[in-house]
């Protein structure tokens, strides 16, 4: 699971949530250095938001590097609704294709980040274990394979706690050998809003930091460290417990103030900044909760839907000009 | 997973937590109708607390039926420490034996409650799937089996959402056919304190209500509904999100008051009862969190340790006069 | 996994294989008491064979009770081909519907036989764990559910070696309580031909004998023992090792004779009957192979396809007048 | 799963079986270039056989490279007998230690070969996922860790059919980055004798060829290709179907000849060499059985015992001077 560099902002990996936060603060004025665009699906509740961070001003405001961030949201992602799922795959694959290098004979390395033994963190391994790989066929049986099929390989590096090796070291070692044009890295994320859990897919062309601590640039997976562009695909599957408590607390205070608006409490709250409050909550929770997180009751089943959406979207996006049913014929 | 009838008390299944709450309120005076006794292991951090609810006064105070409630606590339960695990099994099996009917040729039905497809809820199915069963051997090959081996069978009824049948109906149907002397029902529970998650085993001789709503007596598993005593073994594996937020909020208010003791806020808080606050939090969280809960990051691994502790403790307790290594010889 | 009563015929659970054997022996003449009919799918390699055992003559010849046996064969069952899978589901659900009681307000109990902890035997539990159940909705929220939805519940009784209870006892106990109009029992089978493994679905309205030994009538699941019709759905997932060796041996002898036709060996072979040879092979293999069987390398993945075919076919067959996508809306 | 270069010898990965074959052929005379030594455990049925291939003569006779091959056999490996398991771990770890480089501050890379999604082939991934890793602790928290703890990391490269990358490429890429003193590679094997399935551990210091075809030297994992010694640990979990049929056939012929010794068949059989017969069987079986193999009914459970034996043996062997219970304290 990925941890981003934390500003005081309650913990989220989603550009969308950071952007929404900024927009709320700027009272919906355009924010310098950032372009935001939203599109709704005609038939299903599927929303696509593109955020482009244009320059260093935007970079600083967002706390994320210059590049494209595409977020697809749909409550249908976590439901057993095959028809809606097909539409979501259609949207995700179309957006993903825009982020891929536009060249012929593309070679892609799909990397599944995260821990397969922790259910909400197994998204990456589930995808890298199921995506259609073709590199060995292209090498050993090129005639048996359609021309429009590109070169795909996959890697599931594991997590440092179980391998003793930094994830980026494993990936770099393999990437140096097989020299892909692009890495697609899939990871489970943390989000701030309960509504977004298991209902949001974020893609970006700026890379990702698997399990990174604060400011540890070395561990980043990006064009600089890997020698090729890194597209990150993430889905928030957990909420950080302190963030959840913090947000509930904010709502609670609003409710209480609605009942007793003239209260001196308001003054006190103004003295306590958001950051201070968040840290107080962490202080209370940390010793007890270090190892706990908030997740969905039916996460085991939802993971099946989410991985299906993502590996199918990758299959379609990386092999343009060939349908999903035809792609499946190449699967082992 | 079991849900108890809820008084306003933040959601817990643990008699221990309710008792502690009562003791705090009574300022450690003896509470009428309740006898509490605590014992510490000599070598390992293992604490055994016996609560006996003696009469209707105790029943009302605790919100739980008359009977024995034994709680064993140890942080070692969730660690990969085989030596400590052996000691815990020793303590749990000794306590469990006290709750079993004291008769020869005992026949036990072990029932694993909960949903095997949701990791923190799969404790019951994991235990009922691994406990040593002997009923078929006693029937079909009685000579092949040591005399001190009692009759054990097991059942994993599933959850209503996946079977369409009330769990108690399934169990009663089977119990009517095989007529055990006693049912041992295992279930995952919810607790209030983060420290107790995956670190507490509660046993009682008063039965259990699998997935019960409020006041739905029909669904209880107990001597009355099953025709034989029902021993419940439970381990808290999740915290209800609203409870966690509520408790953190209480601590937070204490912290804030420590910084600003003369504040009018205190007055306001006195006006807001614990119950009101809890319900406000539920109101805020419910629509968003209905399907979320707090659990351990390494729950998949911890489940292996917990089920091992419980099925081994049952194996030892129900076959007195035979060692664990000998018992294992009968396992298929 | 089901074991049928064994005549000397090499071990198979498939009526189709027994029928083919009889037809070969009768040199494709009609066999008394048996009606066989075959139909091919127009587009996909899907073959449907209906065998009706009409009377006691047929019963004796087939070694199976009077009734309907429908076999659907397709190599596509074991492949990752969603389009072909949809066609197979269409064929299976249509055939299954013919076997179901033709009445309004149907109540079905789906029973998943077999051992979920042994991959080739987990078909039953996989289906009963995934089929759409509605009985609790019909009881507790009848207004929330479409009229054309029938009453479905499911049960996963486990295997005697892990529960200590005979499977039929568990099912009967539950069936007595919920009184379904019909039981659908799913089980993994053994087949004779390698080609049929994971590529054949057999359905019959005559019940099934889970893990039955020879001639143990008491353990049968059928209308007589369960109080309602029992439809069996089975898929061969393993080959008995002795059967495989025996069949290969036959082919080998044919090959060798082709090379040396005038050999005295032929005389010797005529002296050794099929039955003798099979028992010699069993004698050689039994002590070493008691616990071994022949299965597919990618059985884990194939099980996902097979269970999807069967639970979807049941979902469609038991709720006529409602599409699969609408059915899925009621899932958990 | 590993495939060795095949001489005509029916398919086996076990040096022990090849050696036994040679000894049978040489009528128990010493075989040039090979030293064989056997030792029995005093209390448990555990046999240790050391085969040393001394020179090119032995290399040619065995069809395996010069080096040490240690085989530990025990039927107890596949049983739920914790006491016997502890003894087996003791024997395996002692033998493994002999094969490890004898130096201070050892750095080991444990590589789990095979496919985690195919049960009999998941031994490697199960071990590499559970072995205690320390490399990250040595790097990031050297003070928190006992001096006698060596540097261990692990890698689960996956299989080419699922990754598109040759296994050896993945491993070399990582090994070049972390430069271990030694690689320990674990893999599931094929054996010839049913009795040896899941009851034999083979270790050697000559490397291994994951999924290698015939004569493809490039794919070998050994000192030459990896830049450090490669110790292979393998357990046979399947029998190749053609081998099983071939061996049964041999026994069958012996049985038949015992009944009719003067038969001309004997002459014919002498004309059919072992190799011819094996290839005839393959020809018959191949088209039908390409994807089938022989495995144990309870392979899922046995895999738990086998992986426990191997990862614990590695834990003990690579950290001499520290007990297993202490080692476990470092596990995450």
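Every chain is named by a letter (A, B, C and D) in the order it is written, and numbering of its residues begins at 1.
One rule holds in what follows: a residue touches a chain if its C-beta (ideal position, glycine included) is under 8 Å from a C-beta of that chain, and two chains touch if they have at least 3 such contacts.
Small disclaimer: the values here were computed from a predicted structure and weren't measured.
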Per Cα centroids, the chain farthest from chain B: D
Chain pair, B-D or A-D, that carries the greater number of C-beta contacts: A-D
Centre distance in Å when chain A and chain B are each reduced to the mean of their C-alpha atoms: 37
For chain B paired with chain D, centre-to-centre distance based on mean C-alpha positions, whole Å: 44
Cα-centroid distance, chain A relative to chain D, in whole angstrom: 40
Of all residues in chain A, the ones touching two or more other chains: 117, 298, 301, 332
Partner chain B, residues of chain A touching it in the complex: 117-119, 193-195, 197, 239, 241, 244-245, 248-249, 251-252, 255-256, 260, 263-265, 268, 272, 280-281, 283-285, 288-289, 291-301
Residues of chain C touching chain A in the complex: 80-83, 298, 324-325, 328-329, 331-332
Interfacial residue positions of chain B with respect to chain C in the complex: 117, 129, 133-137, 151-156, 158, 160-166, 169-170, 172-178, 332
